[in-house]
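So that you can tell them apart, the chains are marked A, B, C and D in the order they are listed, and the count of residues begins at 1 in each.
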């Protein structure tokens, strides 16, 4: 990666150290805890699936049963009881799931021989690991078979009909039009559900439920169009909200390729409890890391509520924290799709140069990361013609700074979820612009002391000052005091705190252990 | 009666630009179908200037049409909760002091699962929006902003608790008409409790028009480009009007 | 019978984008007038998403409408001088050798005061257009390109002189329907001389459709995206058809 | 002006010398000749105006009378007979014009005393010079009163209704929307009329007749809106075609501010005789120079018929020739709005960089010239959304390279002459883009040996080779052999040759003399 901004390498390293320092105590907290959804994710990896007639998913039934039997049981990890039931009943995973869905309570069985349970668990871990590895290999094989066929940056389009079967039509058309990545937007408020709905769904608002069946349906459809197009089509969903790790698990099992996943988004933008979120995000990221799933972080959200010029540094600060939390969870740089967005007020003089500076800075500070770049949304209006022009400038900046994952802006952003023709116009525009100025990034340099260089240095300085402030008080307090995104989140406030679990001294989670070993990351062993 | 038609570059030439998708393959037949469709909308002439496949079964069209349809401009009644005639912050406060004589209590929220707080914040937060201070800054207003994802029941209870004079509801997500359901539910709940007339009921959001809001049983609706002063002006005038009637 | 409607993101949702200008000031009343106008075109719903003043007396609108109007796709008859079934250069030459047995003489020009030669050149010049060679390159065609601003009389005289089989006319400028007059005049002059049936008469240009050309008395019209091979195929087939009838 | 391309100053100087050498023999030819329209322009400056009941303008009547009386009379210059008639009849200019329009033949009067004629002529010359100087001063006063209010580059919009009164409405709205320059497009084929129609007109195709009355109507309307806007609105028309100098004279008298005026456009694109054109263009330019009217040359036309990438050098070659012919006519660089255009195929990889190179090269080679930059037209299609994106890129390049006169692209370019809303969208787009990347030109440098620099050097090299070739055979022969714009124009072919006049040994044109003296350019005295 070219170095055009001449940012001080020491200052950048210092900023990284600050982020590391900030994340360190959080890591210690995380390692002592699990959560309801971490446990459910573990169950899902083991094969727990299905739902009861009321639609309560099997993983939720199991966790609820175990907790109801004795809340302290969860401190051992829920898997123990599930595998025990498997061993005891001698049934297959599918059979057991069906029984649970029909009302069977795994905690009703006394614990059997530990060695047998561990053997059975090892088998389940192997099976899951194999399936996920298989998915990963399939993806890698196809991507190398069709290497060079994807656009650079990857063109990312959303579908949001609320109905998975309509989504499939829209997604297929989008892929045919040239999209590389399809994101199925989730229905409004799924992030606040403390369970993942089951089965294919046709009713969502502003998006479609993330369910394992929906993942499967879309995956199959995209694989089909990919074969026709000879271009790998990446599938994206949201490992975010109250079920981060479960969705990550589902994605790993169904070969999703990207996941929206942020270490603090839920806290700040969904009012989910901070402890819960930090715990959940780590396990979700370990699963993503193992599955080779690129995470897309949510820095763009800071800019929809705060001013993009004034608060540009919050983006860089969050990128550094997301990176650090990602490293803690075993995510290598190439799976860290750190986010940012083209959200400055279009009336700002030289706004384009500031956007260029921000995007180039992200590129240089995170050289191996497949940066995710979001289009203008906040200043889009009912004037579709102005919107198209803004998207054109955005497409320009993205290519000019070698972004990795390019979310296409819609000219109707302020009006409705994308029409099929809106998507087409977006792809067509991006392809035109990016081909037309393709060599720009290589050809152009910035003047020393000019607007771009100065701006990048300023934002870096502001970021460092900000991280110093956060580091001074610690991340939990900083969030509580409203340093991020201008919202204050009390430590014990927000949704989902009741789902936090303190790991007991005998906490047992062979999936977690396997992931830690394979990812080569530090242990989550024991409580603190 | 003043006849008004679309204008391209000559009075009454009736020129209109259109674009749309058809669920048919691109090609001469698709273009002809597109042309005929436009003609069926009362256009006299139509030229399909561009077509492009969106997939094997869908195609996109850009067209220019010429219509002879017109509208009697004099008979058009604008029905937006307009900025015209609204007071500024100081005006509102003076009005309250003079006609109401106590602080006006206003509760606002973004209801249902809607998490778009920027709009309601623009109206309520201290700092306001576009150089218009928000209601929290008004000395004669006591403003409570409950934020996002607030269930209608909770909003009503809170309003009752603080003895609110007005309730402000923001709805931004409109897909599948989810906003209509949320907005209607609030009115139904209030009516069931016999409390509808206790409040000045205000709906807002980028796709909310005054007409729509009134139809749904609100006193007023505010769309794009509204500011706290518009809302406050409406609320306090409405309160006084009700006192009098 | 296959019912087809505009498609936004759901079958039959009928979504259409429109933009136009009205000769009225921008504002709530203008927006309402714009909305009503759209509704008057058979739209069920219309949202004016944007308005902007163009001057004190004119304003611009962007709107999205929802129509229930539909068209019976099966009944649509595409009427473009289509590429479908046209021969390539070698095919045309073989066809001429077999069915006509002598060189076909084709005269082309851009008539009236029209100076847009690029279109007719695309059809006639040696080098052609978009990887389709022009008529001058066809061994079995003798092509004369008279260029721009050619009066209709001069074109007819020249065609008579070289015993042309086909006359190609290009018209690009359409403002105030100047092309219609130019095109019609040529047919009238030919008919007055009793020579209309002597030629395959071809009109072309970006705003020329086959229907329009036929209405004006031409054998065919070619619009955007036509190439020499389409034109040559049509001409030679038409010649043979006439011989036979 | 920044030097970013590092073009060799010697090569540029060499290219200029080649152009000078090519123009030199042409200048000698020009100096020996006048033409019907040069004579008519002289008459117009003297005050000849009006038309007979058939619509034949007084200047044409006079020239035709004099030629009919004795063709050799024209070799003396037609003014002699017109002024003689004034002196002899004792009538005012207006009275004489009315008489001529009613059928009076100036050549019917015998020549009177030379000194009296010369005195009367001097008076007329003074009067015209004063009026033109007054116009110039008024323009300068207003532009300095409202300095800084115009956009940079000047935003140039066309009106083309065919009806001067409709044009006024469109132009007024355009000015209110932010246009700095209004060009009234002429009706199709006016350039082929060997006279200038008289009076206000309401019927044109694709444009409105250029008449002195139309100029006056539009000038008044624009002055009015300018006063409201506190921004000088420049008025443009075409001193081009068979009446170049007459229209220049009309423009000078009615305070036009810009004129489309090219030394070879008529030859190549309108098939006007080359000798005639060269003679006409010089006198037209002398008038423009004296009136302080910026000329806009027509290099863009090369790119509508030839490929803009392949034939980019023809643009630079023509700019150099236009510059040289301009200097010969006394036009200083600041009145030389040399033309070029953003006309490359939008599917060319790096097309944007090539356009940037071309525009920047023009900027550096012609640092003081108010370059006129034309938008994409040829590759515009019925797809208005793609068109808008292309215009966005064009607006970008223009500002990025400090162009002077920016013709706004219309998203409906391929469909119809501009609608009022099309113009608005164009202004709005340009303002957004140019404000958003305003500092780009100052902030960005090009990589040594990169795409932009290499391209500029290549085009300069090709231009030099081309000019060498043209110089080798002489300009007349080069045109005859089709070296320019891929069209061959025989020396004695084309329209208007019959209107060429060889100046006699006693040729007398006090307007020409006055212009030469005031402009400080070399004499056109006597025949050759």
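Note that a contact is a pair of C-beta atoms (placed from the backbone, for glycine too) under 8 Å apart; a residue touches a chain by one contact, two chains touch by 3 or more.
What you are looking at is a predicted structure, and each value in this text was computed from that prediction instead of being measured.
A.B. asks: Using each chain's Cα centroid, which is most distant from the centroid of chain C?
C.D. replies: Using the mean of the C-alpha atoms as each chain's centre, the farthest one from chain C is A.
A.B. asks: Of the chain pairs A-C and C-D, which one is connected by the greater count of C-beta contacts?
C.D. replies: Counting C-beta pairs in contact, C-D comes out ahead.
A.B. asks: Using mean C-alpha positions as chain centres, tell me how far chain A is from chain C in Å, no decimals.
C.D. replies: Chain centroid spacing, chain A to chain C, equals 52 Å.
A.B. asks: Express in whole angstrom the distance between the two chain centres, defined as the mean CA positions of chain B and chain C.
C.D. replies: Taking the mean C-alpha position of each chain, the two centres sit 44 Å apart.
A.B. asks: Counting in whole Å, what is the centre-to-centre distance of chain C and chain D, each centre being its mean C-alpha position?
C.D. replies: 34
A.B. asks: Any idea how many Å lie between the Cα centroids of chain A and chain D?
C.D. replies: Here the centre of chain D sits 60 Å away from the centre of chain A.
A.B. asks: At which residue positions does chain B touch at least two other chains?
C.D. replies: Where chain B meets two or more other chains at a single residue, that happens at 7-8, 15, 17, 19-21, 47, 52, 58.
A.B. asks: Chain A: which residues touch two or more other chains?
C.D. replies: 382, 385, 414, 416-417, 419-420, 428
A.B. asks: Could you pull out which chain A residues touch chain B in their complex?
C.D. replies: Checking each residue of chain A against chain B gives 160, 162, 172-173, 176-177, 188-189, 192, 205-206, 269-271, 304-305, 378, 382, 414, 416-417, 419-421, 424, 428.
A.B. asks: Along chain C, where are the residues that touch chain B in the complex?
C.D. replies: 4-8, 11, 15-24, 27-29, 31-33, 36-37, 40-43, 47, 58, 67, 69-71, 73, 76-80, 82, 207
A.B. asks: Give every residue of chain D touching chain A within the complex, in rising order.
C.D. replies: That would be residues 346-353, 385-386, 388-390, 392-393, 396, 411, 425, 428-429, 432-433, 435-440, 442-447, 450-452 of chain D.
A.B. asks: In the complex, go through chain D and note every residue touching chain B.
C.D. replies: 161, 166, 170, 381-385, 412, 414-420
A.B. asks: Chain A touches which residues of chain C in the complex?
C.D. replies: Residues 7-10, 15, 17, 19, 47-50, 52, 62, 64 of chain C touch chain A in their complex.
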